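After this come two complexes, each holding chain A, first together with chain B and then together with chain C.
This part shows the complex of A and B:
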């Protein structure tokens, strides 16, 4: 039961981590604004499900597109002019963009926390002693399928080839006819769409508040680092590992341990195996 | 006191004087504004501490809130629970902050950029969790009451008294920070932030410098936390949370990255904004975020630097005045020789004796690629040795093995008979070995003169701190350093450009600057990696004359990597040719050009047959 609950959150973390990794792989920027994109996705879900009251299905289509557009707009409008700057400037920019977006949310929606209804209400399923809610299964399955679609797009679709080409050599990709501006925006769109999906799945159980942005960027980053920040497969497993570890810590130790465990995992992985658990084969720069 | 010395001392105490002046100005206002001024100068001090870590070393830290908490609780707990006197408690909290910075940095500085930022975030979160959970000591989430400071029986309860007290304490504490930042230590930090490899080649131990930066900066932040705590009357963990950390990060970024003034002004002014813009209180955080991103976009060096540049620009020589257009005046090497005597430089090298450099059967593989394959190479003292070969032949890898950037898989390197294997990269300049880089690796944000002073290689942590203090008094040693660096710049023809930023020089001049930096420590051997790549034919000819003069008059041996065969054969007596990781041939310049094997590698089959 704990495992299933943990896997549910883990799958959400995987989605968030995957977005971070997609953006990092293609543009070499670690996006600290990612939590805010998840928050935006969750808020859009609230708007569609509770505001317009048209059910969940439109949200699964519209939210990723909206979050993706937001991310692409951030890249195109704010980061593009400073792409030539050093890592320091880019990373601090994303930190403050993230905080700024959360602030916009806080100003627009000045309440403590918004709730969204459960997508799959109904009696839980009993398997022996284990109680599993339909929502848990839905989130777990849905998030993993979304994540796999994301991986498939990056790995196999024509658009993914351009992104991977740019990741390998931006100038080379430009010479082969891939517009770097376009590809950057596309990478951020894809990453943002994944963040939006994470927002849809997170909204019912985690609630919507600026806290969501902080908790999702931390969890997503930790999951991405556990997996080796360069690896899509790693991000998937990293998220699941983190989700299960957090839930166990909360259940058997204390709720304060829940936050600590993600930091502990991050610390251990960075110090003991800084390339992550699932490193991509890499050629060293000579 | 001479005028130079007076100016140096004034520079060291100027920030403190400004803090005091602001506090005295605050006495003219009512108690509310005295309170505001007190928190504003606290923010200015935090900004000056972050100028070191964020502005100079360019580390992203999200642990500032935690460090403030360490200081605030570190002072308040002994005052409340142990009735320790205020000043002793502040001192203890400062030391605690230094320790906390060290503990954070030792694992942290193994990483850069995003990973380092996350490690500091972990630290931040852990400190707050600990404070919240240790309820008996800290009062937990409800916070703890802080009594007003009492010194020698006098209680500083009124706002005006507190403002003056904190300003006086801050003024004292900011002096060492000013001295370190303006002096050698700060310049070393900026150098390593601009180019780690070049910094290491000139003896800057990056890891230790970053640890020291975290330690000093955290000590000052904890000090500010300790001094400011009584003003809040009650301190609780949430006021030192992650948002505090993030918004303090904005101080040096918006204020300016290049000097202590940026951090001071950034902190002092940004902390005033919420008070000045009361009607917009709800939008303050958003305004901050927009300001930071806009500053990074339009004024990457910060507003203070932009302002500074605006006022000083007209004094500069235009960068466009490329030196091919002007005659280059090379000062005689004898002046450099004389100027470096005061710093204890050795007599010029002599011919004969052990080979200055002996590479013995060195190999290095990357995966299946044998980049350097069983290479042996001997260079005689005072000689000019060329190294050529097609791209990917392993020339630069060989340089990296010799200079210590890369450890060889097997084989060893000796310098004048001394085995180098166990001598770290940073120590090799002390043995008399310097190098230049394939892509000109000057410290772009430092002046030419400061670039060359770093080339003196006196860059240990303790040495850097002692030199910073010496520079604050413009002592004899620091004047000798400047003279030596000026002489080296004059010797390569950059004497008139000493105050310009290295990054603003045209490529040919950057190459010259690299040479000045490499010779100022009067090494016995220099490794030059493609010194004329990308410069004009005319400039290549001039650089050759310069290198010949350095070799002839200072007796410095050189190993030169170059693709330009004409350049190499007119410079070097002996030339080695590498191909696919091996030494293909070694001979005097004329014979090497005629060697059919060499012609084969360079020109292909038919040419060799002909």
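This part shows the complex of A and C:
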């Protein structure tokens, strides 16, 4: 049961980490505003499911598009003009964009926590002594499928080819006819869409509050680094490993250890295998 | 002749100067006499209040502010109190340090006439020593902690929320109503002031009762993961869980319970968790085993006339409210302001702190409707030796997707 519970949160972390990795692979920017995009996705889910009362299915289509457009707008309006600045300035900008978006949420929403109904209500499923809720199955299967779609788009779709080309050599990609501006915007759109999907799955389990942005960027970043910051496969497995580790720590030590164990895992991986557990680039000692 | 003219002119000038000086002092003496009493002028009484307007407990302070303001405006529209209008000054205070700072600012800088603590037990506990030393008439409307109640101080009065001893016993009574044969009870308590004051009472009362095994687990404020605590309860096979925390904390605990192996368990929630927003978190299908106590005669979404009329007025003023509102703190903010207005009226035109306190101690069965409001809180009665206005607690359950008061728990 603890493993299933851990995999559920791990799947959400995987989605969040995937969005961070997609943007990093294409633009070399670590997007610390990613948590705010997850929050925007969660809030949009609330608006569709609770506000408009039209169920979850429209949310699966509309929320990723909306979150993707938000991310692309942030890239176009704020980051593109300063793209030539040094990396420190760019990363710092994303931190403050994330804080700004979270505070906008706090100002707009005159309450600190919103709840969203369970997408799959009903009694839990008993398999021997193990109890699995339908929501756990939904989050686990749905988040992993979404992550795999994201990996497939980046890895095999024509747009993915352009993103990989730009990541490998921006000038070369431009010479081959790819638009750097267009590819940047597309990378941010894809990353934002993945964040939006993470928000849909996180909303019923974690509630919607400014703290969701902080918890998701922390978990997503740690999962991405554990798996390998340039590896989509690594982001997927890194999130699952992190989710299970946190849940075991909470169950057998204390809830306070949950956050501590994620950073402990990060330090161990960085010290032992700094490229991550599942890097895409092959490292050779020469 | 010229000398006479000059003498006459000097006399007139002196007389005029004397008259002007009298007029100036006369103008000064009017307000300065009234302003010898802080927060009171010929036309106005200044009420200070503090509570959380942002942060995880904004569901306490923000409704308090909104409803106090609405009640003040209604009372002023009806002519004010004894010829004076009321003015509300509400300060944000979330942490204990902020609560003390807000109280000091209101009393020493803004010079309010009466202080309302609308921030719950954390703020009340933090400001307790200060308000006792400042001797300002203080109305603790939502703090259940014993720290604001003991030692007894003549300037401190308590409103809708009874002490933790009363509500703790109510939770135990409701729990045994839900599971009469419960022999293993879990208590899930937040580590902050309000749940801790409840926990101390519940623990001692259950120990005194005997025959039950009590499993206590705690969590930090605004926690959303209860894996450790729920696994502990599941291992010990508790039948009943008393949750001492906010609606988000209780909601996520109940939601996560089946995933951690805790099924067929009844839950009793404290008053701050009895909020319709919890239903979205736990799911409408998981509400049949959820009970709670409530500190008002009606739940905010019931259709009984006083509460329905109040709700119309609230929506008319503020439009569509956030999820989970109106809640108990909306009702308390509104009702308490009318009770305070009644105390001010009883005191009369000559407002001073000792006279206000004396009038307050003669309050009997005071209701908001006595001043033109809606009876959304229990009536309050205060004596010289007992400053707890309300001691009633109602029992509540979720029926057809919404909380409803189903009777009195004590």
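Here is the rule we go by: the second predicted complex is superposed on the first by the 281 of 286 C-alpha atoms of A that agree within 3 Å, B and C clash if a C-alpha of one lies under 4 Å from a C-alpha of the other, contacts with A are read in each partner's own complex, and residues count from 1 in each chain.
What we mean here is this: a residue touches a chain if its C-beta (ideal position, glycine included) is under 8 Å from a C-beta of that chain, and two chains touch if they have at least 3 such contacts.
Quick caveat: nothing in here was measured; it's all calculated off a predicted structure.
K.L.:
So, on chain A, is it clash or fit between chain B and chain C?
P.N.:
Pair status: fit.
K.L.:
For A:113, select first, second, both or neither according to whether it touches chain B, chain C, the two together, or no partner.
P.N.:
second
K.L.:
Between chain B and chain C, whom does A:247 touch in the aligned arrangement: first, second, both, or neither?
P.N.:
Second partner only.
K.L.:
Just chain B (first), just chain C (second), both, or neither: which does A:84 touch?
P.N.:
neither
K.L.:
Considering only touches as defined above, state whether A:104 meets chain B (first), chain C (second), both or neither.
P.N.:
first
K.L.:
Which partner does A:53 contact after superposing on A: first (chain B), second (chain C), both, neither?
P.N.:
The answer is neither, since A:53 touches no partner chain.
K.L.:
Kindly classify A:218 by the partners it touches after superposition: chain B alone (first), chain C alone (second), both, or neither?
P.N.:
first
K.L.:
Taking the superposition as given, does A:95 touch the first partner, chain B, the second, chain C, both, or neither?
P.N.:
first
K.L.:
Name the contact category of A:2: first (chain B only), second (chain C only), both, or neither.
P.N.:
In the superposed model, A:2 contacts chain C only, not chain B.
K.L.:
Between the centres of chain B and chain C, viewed from chain A's Cα centre, what angle do you get? Round it to the nearest 10 degrees, please.
P.N.:
In the superposed model, the angle at chain A is 100 degrees.
K.L.:
I want to verify one number: the closest Cα approach of chain B to chain C after the superposition, in Å.
P.N.:
Superposed model gives a least chain B-chain C C-alpha distance of 6 Å.
K.L.:
What residues on chain A does chain C touch that chain B touches too?
P.N.:
Comparing the two interfaces on chain A, one with chain B and one with chain C, the shared residues are 256.
K.L.:
Could you pull out which chain C residues touch chain A in their complex?
P.N.:
That would be residues 54-59, 62, 219-220, 222-229, 231, 248, 251-252, 255-256, 258-261, 263, 277-281, 283-285, 322-325 of chain C.
K.L.:
Report the residues of chain B in contact with chain A in the complex, numbered from low to high.
P.N.:
58, 60, 62, 107, 110-115, 117-119, 121-122, 125-126, 129, 133, 242-243, 246, 249-250, 253, 282-283, 285-286, 288-290, 292-293, 296-297, 300, 366-367, 371, 396-397
K.L.:
Tell me, which parts of chain A touch chain C in their complex?
P.N.:
Interface residues on chain A, with respect to chain C: 1-2, 4-5, 8, 50, 106, 109-118, 121-124, 129, 131-133, 136, 205-207, 209, 211, 247, 250-256, 258.
K.L.:
Within their complex, state which residues of chain A touch chain B.
P.N.:
Spelled out, the residues of chain A in touch with chain B are 30, 32, 78, 81-82, 85-89, 91-93, 95-97, 99-100, 103-104, 107, 214, 218, 221-222, 225, 256, 259-260, 263, 266-267, 270-271, 274, 283-284, 286.
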